[in-house]
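What follows is a single structure, and I will ask about it in a moment.
Every chain is named by a letter (A, B, C, D and E) in the order it is written, and numbering of its residues begins at 1.
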Amino acid sequence: MARIGVFVCHCGENIGRTVDCSVVAKESAKLRDVVYSVDYKYMCSDPGQIMVKDAIKKHNLTGVVIASCSPLMHEKTFRRAVQETELSPFLCEMANIREQCSWVHEDKVLATKKAVDLVRLMVEKVKRNTPLEPIRIPVTKRALVIGGGIAGIQAALDIADGNQEVVMVEKSPSIGGHMAQLSETFPTLDCSQCILTPKMVSANSHKNIKLYTYTEVESVTGYIGNFDVTLRKKARYVDDSICSGCGICQEKCPQKKISSEFNTGLGKRPAIYIPFPQAVPNIPVIDKERCTYFKNGKCKACEKFCDRNAIKFDQTDEFINIKVGAIVVATGYEMYNIGKNNKNGIKGYGEYGCGEDPDIIDSLQFERLLSASGPTFGEVKRPSDGKVPETVVFLQCVGSRDKAKGMEYCSKICCMYTAKHTMLYKHKVHHGQAFVFYLDIRAGGKNYDEFVRRAIEEDGAIYLRGRVSKIYREGDKLIVKGADTLSGSQVEIAADLVVLATAITAQPDIVPLAQKLGVGYDKYHFLSEAHPKLKPVETNSAGIFLAGACQAPKDIPESVAQASAAAAKVLGLCSATELEREPYVAKVYESTCAGCGFCIEACPYKAIDNKAIVNRQGKLIKNVAYINQGLCQGCGTCLSVCRSKSIDLAGFTDEQIFSEINSLFV
Amino acid sequence: MNYGYFPGCSLHATAKEFNDSTKLVCDKLDLELKEIDKWICCGATPAHTTNQELGIALPFANLQLAADQGFDTVVAPCAACFNRLRSADFEVKHSGYTAERVGYITGSRTDINVRILHIIQLFRDEYGYSRLKEVFSKPLKGLKVANYYGCLLLRPSLVMKLDDPENPVIMDELTNLTGAESVPWAFKTECCGASLAIPETEIVLDLSKKIIDSAKNAGADVIAVACPLCHANLDMRQKQIGKKFGADYSTPVLYITQLLGLALGIDPSKLGLDSHLVDPYPVLRAKNIL
Amino acid sequence: MHITLNLSSGAFAGEIKDISGANVFDCYQCGKCAAGCTVGGYIDDTPTKVIRFIQLNQRDKALDSRTPFLCAACNTCSERCPMEIDVAKIMESVRILALKEKRKPERDVAVFSELFLGSVKTTGRLFELGLTAGFNLMSGQPVKDAELGARLFRKGKIAIKPAMSGNKNVKQIFDKSEAVSGSSSKEEKAEH
Amino acid sequence: MSQHKETIKHDFEPNIVAFVCNWCTYTGADLAGTSRLKYEPNVRIIRLPCTGRIDYNLLLKAFESGADGVLVSGCHPNDCHYNLGNFHARRRFTVFRQLLDFVGIDIRRIQFAWVSAAEGAKWAQLVTQVTNEVRELGPFTNYKRISELSFPYKELEPEPLEEVTA
Amino acid sequence: METLQNIAQGLLERGDVSMVIGYTPGTIPGKTKTIFARTPEAAQKLTFNENCVNNLSIYLTRQYGNIGEKPVALVVKACDARTVNVLIQENQLKREQVYLIAVPCNGVKDEHGVEQGKCKSCAQRVPKDYDALAGETPAPVEIDPTLRFKALEQFDAMSPDERWEFWMKEFEKCVKCYACRQACPLCYCERCITDKTTPRWIEPDTSTAANLSWHITRAFHLAGRCIGCGECERACHQNIPLGLLNRKMAKEVFDNFGYRAGESAEAKPVFADFRYDDKEEFIR
């Protein structure tokens, strides 16, 4: 016979204000099998927990219902308390009378009635709970870091320094990401490459880091502690074990006029190329689409001149299988392009000429113009004719905060880097004038607002509060038609160069990866964290963590901080030899299973297989489903496709749910 | 297929050459336009900016007339009429509340389905560029044209659905088909002030000047338009503009249908080239087109 | 300029929403409409500011603004608004309300519309000569555009007689529109 | 969904059962609470790991037990904690709804929604909407009628013990 | 052209199959009964005519224990063969365990001489896949495929309440003899859900409510699986139009997922599968 105890928490005023807790306790006492019920101000406090423990002993309770906050909040607390008695922690259930009752209702009578119902449901459920044993799973002490930008590098280094192995994957030929493209960084104006390259080098040389560039994630299976990952190492056509990175191939390549990705189209590169001088690894890659040999079958200039015979035209993609225990996703962002050909749902800027005018550039391009390693060696020269622009107009919020273009969010970093741009521009072109069209200056951060003020006060940037309606060319000049809402006027500026702070958008190919990983994403395709406040680096897939701008627009300090946080999570995970997992897994009743195989097909984890039942003579009696408890994550999809009800799910058994429903309305 | 033709008030008065050229070109292309009997004014801008119901009921009444007369498509050369007809149709289709009111005002049913096309759409979508290319007999080689779309033809783009509101190409494509060269320029979708011409003439003079300047700077010999209001402001006001700004303004402004008519070898005087205030003949002769 | 704010601060915005369907609180005052406004050089308040007046419930300031009357209805603002607000329609609504209350901050434009519609009401179609002559008379500039008129006349572009006369159906549309419009939005508002 | 709505007394308060997944909707409902959004108190949530676990039996049983309305909610497509559970559920519900409709159960009484962990506001709005809609439909009496008709022996059940002894 | 008897005889003589399951004339005129021919002689008793209404594939399910080491030959009409496909899809059978003798079918009649509903809308004269064909390949016929769902149209015009009244009147008659289940070749579960007691999802009594619960379950369990052989309806002595429920399910599955049960033995069962872009207009 079940003996259930009900403990009703007031949560101070939080529950007590709307739910009459003493009534709930009294009503609970009337329920069949409830032998003890009580209400108390703070059940989660030490005295509250002691109360529960004492009652379990004194009344020989076989099950406990805590009516308080959400189980997502305190289930662990109370189960731990219960565990300290003789009772299994899985014989404790929570009735959520705070988040889903007292906080959302105002009528005390109805809220109390609902609270009583919620308790009754849980009493019915807990009566049918069984003591379960947590599942222990081994942990592979190796992490995968996807993405080799600053976030990925930082996470990899922190994990590696914590003495755990890291496999780092970068889809482009070199690590470094967007940060490698930047000139100086706000708010200190220190050189981006100067602070980044040492980290790139140590990521490459760290004994605990195995680096794969020009490599993508092909597939991911498994679960926390035990992921099986297949990587696709794309053919570089250069043997990275032989190549010394001398660069002679680049020099000899007859194709010289390919627009350089690293220089955002402002510079040129050959068909065989090292993306930038400080690239890590310093090994070239052949752009197959543009290579003369691959196109016409003739050339091989690079091969001829390579004295180490490192060029391998017959190289193919290579697949590498690795086992890891945790994954850090640090895939970064991409700048929104104002052109017509954009991702679905995002429109171009026809009013700004759809990016067809060479002197309307985006901020990343301007970074390259400012950068000493850039196409102009740090001199600000406009792309159309190489003239030094004397009037530069900066537009913030291009695409961002723009419902019509499909991006309603703030890109967060543009206010700061635009202020930086105006400063760096002024430092290089002393007689030049920078104008900035902005909507709001968002400069929250240490020394951030001071930085923007400096741009305005010391470096003379004129800030105009308003958007720009149209940009068009008139001879040598670009006419910028904007507004200054502070004076309530239209503003027209004849500019030499226009720089657009375009929105930070998710990586265009992030969705397939997210689906491989089972990580959620929002409508803008930024990856979803498990909790906006309390689990900012976790995802809803255990063992997979986020770092950097793949989650939302972020600046460098934030990306680095989140990367280190993700690394701490990974190290925490690796510090245990075994993981405990809630034993909510499904099991098959073989005697009634007809072996139809629906569950095998439907299982998202491929955790179910056929099992042949044979008699003593070895003759097949029948086939039934068999669930691998290690792979089962407990979603219960198999139950719903099982017609004979031959599968059940621990923790959410048919009987438990059935009696919950049955006790709903009395 | 025959099309219900809605000329609108201007085409029966100041823009009669638009009317003539439209009819001649369509005749030549065997596109049968039949004027909607007893059509009424679409109300233009004054109606919808004074009384919303009126601004929808007037144009919608014409769609009802067209439907009653058995037309399933209405063609309007005037950008303003086209805009009002499309807008009225859009509002009635998208709001039951509006439909009910318009039904009451016009005393006629509102669940009608009439396609509304601008004349240039007729050439693009119904006749087709490939066929057009074949029928042009007299290429306008060497003529540089600034195609001026203005506002009402394109915006609101959600309702007009004619072309890209910022970088439209339809008139340029037609121009290029005639053998003339359309020049890229910045003011093709700016507004000339249209309905303000009479009450706020000065504004219109300023706006029109900027447009003509931009076209001239882009190297255009003539400006092509598809709207009688644009034409009125750009052509008729050039002398006044010249006076106001102390410069000579004599850039011919032609209707796109006149250009097409010339390319089809239609007599220029029949196309109404004589009725412009800025005489286009000198330019056309200089380019050996006439 | 001084503005006092009080409890009923959303009232005017509601009125505008009933006519235009646009929620002025979507506007975050970015000024893109002002930036591209065709008549930006001639208006007193930018469209952004007119919307601000509506947001702040400044009925008089909005209705007495010349801007909605000088609006060329070219829709540039609506087309480019990042918040997809139909700004032109808001201007139209302000103007309709101003006319209803016989406010005419821009008399000439109001008179022109009146004459235009008057012409259409009596003849079913616009009689351009009558309109221009009438406007010039009423606006006290009888010889305005006279020279232009003479040139147009010579080109055969001006009809001397109205095209159609006395279309009954048109008069009915005008009368009923006026009646419907008078009762407008009130019931609708009650419904919401 | 106004925050400070005065409580209106209705003649009929519907009983609504919500079957929700643990990861998205249950968390979203928690978020509605944390954000102190107000909604109608008619819904009783039954927490399940995933919409994939929500078999048609549960929905049917809910109606049998006296629910006036049933709400099923889980993660948006591609957002499922278990990757695919909701896709399977979506397929089943598409057809099951039609079956209920076919035998004459008003399918406005059974509603489906995707509510993510971030959509507390959507949850609050959803519950209020569904409650109002079901309230409008009135009590679900179909089952009571067929049960009453064919349970004549119910009346023959023995009197409660206390009364006999008294 | 080979006759049914010849094929069967050959199979049994060669020992290719352990038995041939087919039809043989019954004792009552107009009826046929099942024969399990194990010898070449017995094969001569096989027959096929318009009275061969039964779906013999039920004898392939495990409960009958007919399948041993050797394959079994089965006489199948086009519709019966679809059932076999479903059984293969659902791991109840391997294709190599059954030898399909297809018989060209122009429609069958029940013992009262009534042509079956399924036949009126059936354009398939022979199965898609078989091992031997008894008789000649018949000329193809064209029948409007939407005819299958014609009978459902009457319900479109009815209100939910009217539909409820209609079905409750039908379900009221049910005595839960479970003949529908027993006759169904796809109800092969060893322990039917209705016999499960912990928990008891379906009340065992014969109140209309409990009957409704059973019939919803039966229909839904056959959704996307039932090929429409009609055995359930024929077995129902209370004449409950069970076929309508099955057909409705088939229609919904077809309309929504473009899937027809039994078309292929390789296809994934419709409810063990999904598409990322399945329709979801009904989800808020």
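In this section, a residue touches a chain if its C-beta (ideal position, glycine included) is under 8 Å from a C-beta of that chain, and two chains touch if they have at least 3 such contacts.
Note that this is a predicted model, so its numbers are computed, not measured.
Looking at the partners of chain B and chain C together, the chains they share are A.
Without chain A, the contact network of the other chains breaks into the groups B, C | D, E. Here the chain at the heart of the structure, going by C-alpha means, is A. More C-beta pairs in contact connect the chains of A-D than those of the other pair, out of A-D and D-E. With every chain reduced to the mean of its CA atoms, the largest distance from chain C is reached by E.
With chains reduced to the mean position of their C-alpha atoms, the one farthest from chain D is B. For this pair, chain A with chain B, the centres built from the Cα atoms lie 52 Å apart. Centre-to-centre, using mean CA coordinates, chain A is 50 Å away from chain E. Each chain gets a centre from the mean of its Cα atoms; for chain B and chain D, those two points are 58 Å apart.
With centres taken as mean Cα positions, chain E sits 71 Å from chain C. Of all residues in chain A, those that touch two or more other chains are 351, 602, 641, 658.
Each of residues 56, 61, 78, 84, 88, 92 in chain D touches at least two other chains.
Contact with two or more other chains is made by residues 41, 76 of chain C. Here, these are the chain pairs in contact: A-B, A-C, A-D, A-E, B-C, D-E.
Every residue of chain A that touches chain C in the complex is listed here, in rising order: 351, 397, 401-405, 439, 465-470, 481-485, 488-491. Contact residues of chain C toward chain B in the complex are 19, 38-39, 41-42, 70-76, 78-79, 86, 88, 92, 95-96, 99, 106, 108-109, 111-114, 116-117, 120, 124-126, 128, 131-132, 135, 139, 144-145, 148, 151-152, 155-159, 163-164, 167, 169-170, 172-174, 176-178, 180-181, 184, 188.
Against chain C, the residues of chain B that register as touching in their complex are 9-10, 12-16, 38-41, 43-54, 57-58, 61, 97, 101, 104-107, 150-152, 155-157, 165-166, 190-191, 193-196, 198-201, 203, 206-207, 236-237, 239-240, 274-277.
Per the touch definition, chain D reaches chain E in the complex via residues 56-57, 60-61, 64, 77-78, 84, 87-88, 90-107, 111-114, 126, 142-143, 146-147, 149-151. For chain B in complex with chain A, the residues that touch the partner chain are 164-167, 186-187, 214, 217.
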